[in-house]
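You will see two complexes here that share subunit A, one where it goes with subunit B and one where it goes with subunit C.
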Partner chain A sequence: MKVNKLKGWLYLLPAILFLGVFLVYPLIDVVIYSFEENYNFASQTYTGVGFYNFSYVLHDPYFLQALKNTFILVIITVPLSTGLALIISLGLSSIKKLQDLFQTVYFLPYVTNTLAVGLVFMILFKKTAYSDGLINLLINFFGGESVDFIEGPYWAKMFVLCFYTIWIVLPFKILILTSALASVNKDYYKAAKIDATPKWRVFTKITLPMISPMIFYLVITGFIGAFKAYSDSVALFGTNLNVAGMNTIVGYVYDMLYGNSGGYPSYASAAALILFVIVLTITCINLMVSKKSKISVN
Partner chain B sequence: MEKTNFEKIEAAEKRKALIGKVVTYFFLSLWGLIVLFPFYWMILTSIKSYGSYNAEYVPKFFTLTPTLQNYSDAFTEVSLGRYFFNTIIFTVLTTAAMVVIITLAAFAFARLKFKGKNLVFTLFLSLMMIPNELVIITNFVTITNMDLRNSFMGLILPSITSVFYIYLLKENFEQIPEELYKAAKVDGTSDFKYLIRVMIPICQPTIVTITILKVIECWNSYVWPRLITDDETYYLVSNGIQEIRENGFGRENIPAMMAAVVVISLPLIILFLVFRKKIMAGVSRGGTKG
Partner chain C sequence: MKVTLEHLTKRFPNRNKKIKADVVAVNDFTFEIPDGILVGLLGPSGCGKSTALNLISGLETPTEGKIYFDDDDVTMLPPENRGIGLVFQNYALYPHLTVLQNIMFPLQNFKGDKKMTKLAMEEKAREAARLVQIDELLERKPSEMSGGQQQRVAIARALVKQPNVLLLDEPLSNLDARLRLQTREEIRRIQRETGVTTIFVTHDQEEAMSISDLIVVMKDGVLQQIGKPQNVYDDPENLFVAKFLGTPAINVFEGKIKYGCLFIGNENVMELACKKDLEKDVYIGIRPEGFILNLDGALSLELQNVEVMGRDTSVVSKHENALSGNIRSIINAEDWINSESKLVRFDLKPKKVFVFDKETEKRIYFDKK
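Up next is the complex of A and B:
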């Protein structure tokens, strides 16, 4: 019997070992790092314990820029991508022919390499010496003026970043919402049809309440994902995001850790913890809102 | 002949439904076009020659003189072949190691009885909330101190366990009736043999789904490889394409760059088209991007 008890642990041993070393220990360590002041990476020494790292990060213009970029990205992409996904899924579930084909096509961005396909977006939007790029020609065609979306004004760059982010995140949202729509009990719709309920009412009184848990799920995961944006920005603007002015919080963490301005795990830890607190707060607010609205529906 | 009121209403309704359908198909196709266009553009650009691409102020939507020169450039002028090979090794080793570890752990949680099992499982679940960004800092330091930077070990080690996949597989294992396990025990089958002979074959679909999702994740991983490798010999495709963008080809050779992008994107697109149903079902069960 004794051997049997040990056996369970034996099966778990590799998982526990790896999770311990690469997940649990780092979690404790990152907090310690963030409070060690003037930590020196080479000699692994520090001079004191306190909040200096947090204050440094919060006063660093690069961090503030990253914070601003991330918030703008979140505020624009999360509602827009969720809404767009809802419209597309509604359209998808209302048709029969070609539904499978559309679904397959829409899912493609999910399986693409963010870094690689980002380059395609870059050449589509980039203005170079020999060509203004396809998008600019399109803008010219409609009477607008060319803008350099990759190295030009801030809002042009932000637009490309948001556009690419939405392009990347939509497949997941469309997939989730289409399966949510498919699982709504068809009897409700039949009953509504007998009563000749107008379409808009059917949508707000039946469809929306039925799929609202999934929408909240998407909003919450969308917020979390958007706050961690990083590789989309690298794909479009290159690795030197601080110079491009398009860094994100996660990008700031990695730059502090390694890269041109790297070698400061303490600052990186402080920034990562600030990000974690932001994400946690937003998630809690989201959960509270979703609970409240559920009560009001009932 | 006068149409009755009823017929008029019916015709109007039909027209409205038809218009609705046309509008729906139009917008669905429009989005489909937006999704597909970048793929079309990268393939198109990759078969244009360097000279003709740069000569087009207004880019053409087709080419009459396709060339494969860019593909050979991508493999000879920059180390795309090496990045590709590295990524395959990384993906295969990481996925294989992970599947073994999570299968053992899921089996322990699903079937074996030992003290503290529920407590450990709860702790495991709570680990799912830890964001990767938070632990990557220490992992970077750990791997650096272990002298594993620029090595496959360093690339692979931190990503070979996944609490979520353990949970997914455990749920699946538990659906196999316990009587089967008891019967096997009576016959004197060892736990390990039971796992290999009975549980894994029955749960094969889930294991395949997990494997595919992990392969996608490995193939696209960028952040960790970027931190842990600065020697080009160990670059994966994501870092590789970034390297090609910043230092490759000497000049701005966009067609060759697009050829590299096509080569990098193709394996996953093929994988997706083959396992379409499985991947989509797997992702909707709990995959998120990033």
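Up next is the complex of A and C:
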């Protein structure tokens, strides 16, 4: 028994060591940093312990902008992308011809490099003195004025960012949902057919409840992923996100560490902790809602 | 409602694409199911009985042939317009709905004149639940019920909209032995009470024999025999039907017709009412209950084992001409005389002996003496 226990710990050792050194220790460090005031990275000194870092971050207009951007991104992209993925998966699973081809096509964005996609989006949406992107050409065609989506008004930039994010996260969601749809026993549909169940009722009363665990999974991971958005913004608007007004929380953390205004690990840690609390809260709410709705569906 | 099948055929393309020929799941079925009876579609697995059921339900469309409900041609009618109730092998109960909601589900789909109030639907559902005796369990989820109870819910759901025809796909195969016995009687009772024409599919001959008014025996998509269970048992039209029905199974011997008599090996076991000059190799099927113990009996078998089962005694023996390995004969327990002899002799009951052509395996009929 004792030998067995020892063996067990031995097998766990690599993971524990690795996680301890590269995850647990830095996490604790982040918490410590966030409370050390005027921490100097070079001299490893600080003047006091308290909530000043949090107060600074929460009063920093750049952080507030980043917070606002992140929230807008989350609220728009998570429901939209999940809904779109559901519609597309339903379409995919109801066609027979070329299903594999379309599945591959829809999966392509997943294996495409974020920055490359960003570049394509920039070209699509750009407006310069000399040439307009495809989208602006389309707007012009329908009699609209060109809009600078990349360096123009805030709503236009936000639109591109959301559009881009949805496009990037769709393939994974479609993949998950098509396999969830395929795993629903066909007999349920046959039984419903024999009972002359209308299509909409089949969807709401059978399909949706059957795949609801997968939808909740996608919503929760979607929320977390969107809160952690950063590279999407960089791909579209470059690294100077504060100036572009398109920063996200993670972007703010990065800037505080390494950006032009960088060198403030304490502020970065405080911002990171705030993000952590937000994600934790939202995830808890999500789990509670999903549990509750499962009971009511049941 | 009377169900009539006319030259019903269903062909599927072969899964193995190299084989061009189609698989014929149902081959030229023609028979009529009278109104209000319980019919068992019986056959070994892969014989096309489920396909036949799906054709009747409308989930599959036939390649050829016609299906009539009474006088209406329903061949091309989609399943929802046929007025059928179908119970699936795995029951297909919606797991997220309660029993009551499951039973109410079909009623909630009614449109137009047939649309019902919520109260009326609930009353109907409760009525159906009472019929299958699960009215105590209406608030449960399917996962909180035993297989037998789930089966009843599935039947209630199929019956609640008062279908013209009730179809059951292997209704008992997911139940344990004891429940199977109970449930098959339940099915019989429910069918009697509702009077709905019921067709069920099974591979278990005992199941089909015990509750059906009519059995339809199939093999490889071809109809073998149709009739009342006892008639089919007593009068099988071919070797397959004879072998498929009955437990213990029929004993099959290789034999010969010579000099107007039936021979197994060198022993003349029975006289036949046929021409003296007929000479033919045949298969001889003898039901286990077709043996009469007789010290001077016509057929001698090499005794292997005697199993006493209370009322009956089962004598297990061997014969070099037997096709089915051991020969099992069931005799009255009182008739059995314990002896040290390695040989046991029987006379045969002519009614329990069937002769089949060796090539076609079709029954050869005689007026037995």
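One rule holds for everything that comes next: the second predicted complex is superposed on the first by the 281 of 298 C-alpha atoms of A that agree within 3 Å, B and C clash if a C-alpha of one lies under 4 Å from a C-alpha of the other, contacts with A are read in each partner's own complex, and residues count from 1 in each chain.
Here, a residue touches a chain if its C-beta (ideal position, glycine included) is under 8 Å from a C-beta of that chain, and two chains touch if they have at least 3 such contacts.
Just so it is clear, the model here is predicted, and its values are computed rather than measured.
Once subunit A is used to superpose the two complexes, subunit B occupies space next to subunit C without a clash. Judged by the touch definition given at the top, the superposed model places A:Ala272 against subunit B, while subunit C stays out of reach.
Look at A:Asn185: by the touch rule set out above, it reaches subunit C but stays clear of subunit B. Once chain A of one complex is fitted onto chain A of the other, the partner contacts of A:Arg201 are limited to subunit C, with no touch recorded for subunit B.
Considering which of subunit B and subunit C touches more of subunit A, the answer is B. Contacts of A:Pro209 after superposition: subunit C is touched, whereas subunit B is not reached.
Of the two partner chains, neither subunit B nor subunit C is touched by A:Leu287. In the superposition on chain A, A:Thr104 makes contact with subunit B only, while subunit C stays out of contact range.
With both structures placed on the common chain, the touch criterion links A:Lys193 to subunit C but leaves subunit B unconnected. Superposition on chain A places subunit B within reach of subunit C only down to 8 Å, the least C-alpha distance between them.
Looking at subunit A, you'll find no residue that touches subunit B in one structure and subunit C in the other.
Subunit A makes touch with subunit C in their complex at residues 185, 187-188, 190-198, 201, 205-206, 209-210, 297-298. Chain contact summary for the complex, subunit B toward subunit A: residues 21, 24-25, 27-28, 31-32, 34-36, 38-39, 41-42, 45, 54-59, 100-102, 104-105, 107-109, 112-115, 117, 120, 124, 127, 130-131, 133-142, 157-158, 160-161, 163, 166, 191, 216, 219-220, 222-223, 226-227, 237-238, 241-242, 245-246, 252, 254, 257-258, 260-261, 264-265, 268-269, 271-273, 276, 279-280, 283-284, 287-290. Residue ranges on subunit C touching subunit A, taken from their complex, read 57-59, 78-81, 84-86, 88, 90, 92, 94-97, 105-106, 108-109, 141, 157, 161. Across the complex, subunit B is touched by residues 4-9, 11-12, 14-16, 18-19, 21-27, 29-30, 33, 87-88, 91-92, 94-95, 98, 102-117, 119-121, 123-124, 128, 130-132, 134, 137, 167-169, 172, 175-176, 179, 221, 224-225, 228, 230-231, 234, 238-239, 250, 253-254, 257-258, 265, 268-269, 272-273, 275-276, 279 of subunit A.
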